[in-house]
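Next come two complexes, and both contain chain A; in the first it sits with chain B, in the second with chain C.
Showing the complex of A and B:
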């Protein structure tokens, strides 16, 4: 059963990822990306990390996709077709990527992983305790740093997007 | 871990996703499309963190915590990139890569 679900998800993800990077219509390529992200959330559900799947669905499918769709609608006409690279460049890039993929796969398949057979589930409580613990192996410092980073990104985004008006006010 | 699925199959899928993202990153000529490709690459790396944590070190949580941090950084990066794209569109009315070289002055 899990095999069938996994292979279906993998097929959906790969097909829609290819569609997303080759589609010439902007909005469609964003929607294809949404399908890929939902497939990744499905992988997290399969692998038994429910918290991460929920995060993936809310932050990516709910937040980032909406942001990108907004920016597409603000800067494009919906049916506008994009210009794409020359065919020779596309073929060259595809061949390079295939060679890189071959190197990756030979490295992965020649490495012997020490897989631990297990069926543990990770609860949200454990993740929260780990994130906020001061002790050995705790993640309190990166957690605080990431909150400051998010605040800085938010202020930066507001200032960049408002740009001219703010600087004009300053000079007056 | 997923019963019946080995770590090799999962790592194969993430490698394929990574290289699709890389292909898009090089061939697309549009800032928003490049942003989409970067999202694909980041997501492939996040799945790698989670899978290796679950299959090789199931009693630890480092992979999950790091994937949370990667998702947070990706969200911040997308917000900044979108605001830069919109500001740029106001200035030069275009989001094509070849028109952006005026930024370097």
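Showing the complex of A and C:
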């Protein structure tokens, strides 16, 4: 049963990933991308890592895709189509993709992966404790660094959005 | 003790005894899907009727009372009429996305229904991240509205979709944070354990002042999240025609319409689960009869649904800037303060337990 679900999900992801880069309508390729991301969330659910699956849905499907859709709605008209890239560019991209795929495949096949016998569901309690512990194997430093980075990004966004108003006030 | 839905257990055993494991698993999934689709349809139609009767009551009218007893079959007749209608569409619309959009809204509403505990046994999907899953799912529903608005190739629909997007992205924060406040008490995200914690008193009593503030914020944000008045900017009739679903007709319109009502029910059901003890009876008076759990759950949810209808027919609609001011300048800071207060209360063990 799990094998069937896995191959179905994999097929969905590959088909929609290809559709996403070949579609000439911008919003359609965004939606295909959304299906790919939902497929990844499905894989996480399949390996019983519910927390990451929910995060995948919230951050990627619910956050980033909505933001992309938003910007498409603002700038794109329904009758516009993306232009086809030059043949030389297409070939270059294809070669780069093939090299990348080759590197991935050789890395994956040159290592043995052990099947974990007793798989355990990671609970949010464990994740939370690990994130905030400063002992061995704790993630408090990256956690704090990321929060500072996000704060800086937020302040930067506000300053860019308010840019003109801020400078105007200073001159007065 | 009488198990509430021991019938599910016997069906489960019977399926596994007659078929191979995989087949039985598959048949079970199909059966559960059918049950939830039925709940979806019946609850949606019933809620539409309730809304119309409540609206009539507020406006000193009678409302639909001709078809069936007290108009019970009115919305069924409406649905049949919508089924028989022609599905029109605009010529220059993006047909694929136009047809896809209603399903986003419907599927997310259905997935959210699966996490809600109607009774101890009637609970389809009890994962260890229940509440987070609900928040994640509810953030996807807005994509359907955005797509529907854009692909209709209609100015009103586009404006409606944009407004709805802004509104949902903003108010999702409040919903998430107010639920998080309650998670501080329960210490778990799993829905069944959240209900378990409330056997010592409903969370709104356990958490007293911050819990009540969180509940108020949750109801405000929930009303906004479902695009209902006074936050119905997305489909403000007097400004935008019908907003994002202007171009939809027949059954596709009905999908949006039903999903809106089901979403309202889901918001009420989450509030029931997190603040009012889900299927637990008040003071444990019917604890020995678990089958009454459904009754208590639906009664509490219906009271909250009535509250939301009351909002709709009482308050005038907000402007877009007022809407955003309310969220970002009032609800969000209050919410953050509230989380800190709740953390202090849980830390000092000031919660009220019976």
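Going forward, the second predicted complex is superposed on the first by the 148 of 172 C-alpha atoms of A that agree within 3 Å, B and C clash if a C-alpha of one lies under 4 Å from a C-alpha of the other, contacts with A are read in each partner's own complex, and residues count from 1 in each chain.
The rule is simple: contacts are C-beta pairs under 8 Å (C-beta built on N, C-alpha and C of every residue); 3 or more make two chains touch, one makes a residue touch a chain.
Because the structure is a prediction, the values reported are computed rather than measured.
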Partner chain(s) touched by A:34 [first = chain B, second = chain C, both, neither]: second
Chain B versus chain C as contact partner of A:108, first or second or both or neither: first
First (chain B), second (chain C), both or neither touched by A:70: both
Broader residue contact with chain A after superposition on the shared chain, chain B or chain C: B
Partner chain in contact with A:121 - chain B first, chain C second, else both or neither: second
Shared chain A contacts, counted only where both chain B and chain C touch the same residue: 51, 55, 63, 70, 72
Touching residues on chain A, where the partner in the complex is chain C: 1, 25, 27-28, 31, 34, 50-51, 54-55, 57-58, 61-63, 65-66, 69-70, 72-73, 78-79, 121, 123-125
Contact footprint of chain B on chain A as seen in their complex: 2-3, 6, 10, 13-14, 17-18, 20-22, 26, 29-30, 33, 36-37, 40, 43-44, 46-49, 51-52, 55-56, 59-60, 63-64, 67-68, 70-72, 74-76, 82-85, 89-90, 93-94, 97-98, 100-101, 104-105, 108-109, 113-120, 122, 126-127, 130-131, 137, 139, 142, 146, 149-150, 153-154, 156-158, 160-161, 163-164
Contacting residues of chain B [partner chain A, same complex]: 1-13, 15-24, 26-30, 32-33, 35-37, 39-40, 43, 46-47, 50-51, 54-59, 61-62, 64-65, 67-69, 71-80, 82-87, 89-90, 95-96
Residue ranges of chain C in contact with chain A within the complex: 22, 25-26, 92-94, 96-97, 100, 127-129, 132-133, 135-137, 139-140, 142-143, 146-147, 149-151, 153, 158, 161-162, 165, 169, 172, 187-189
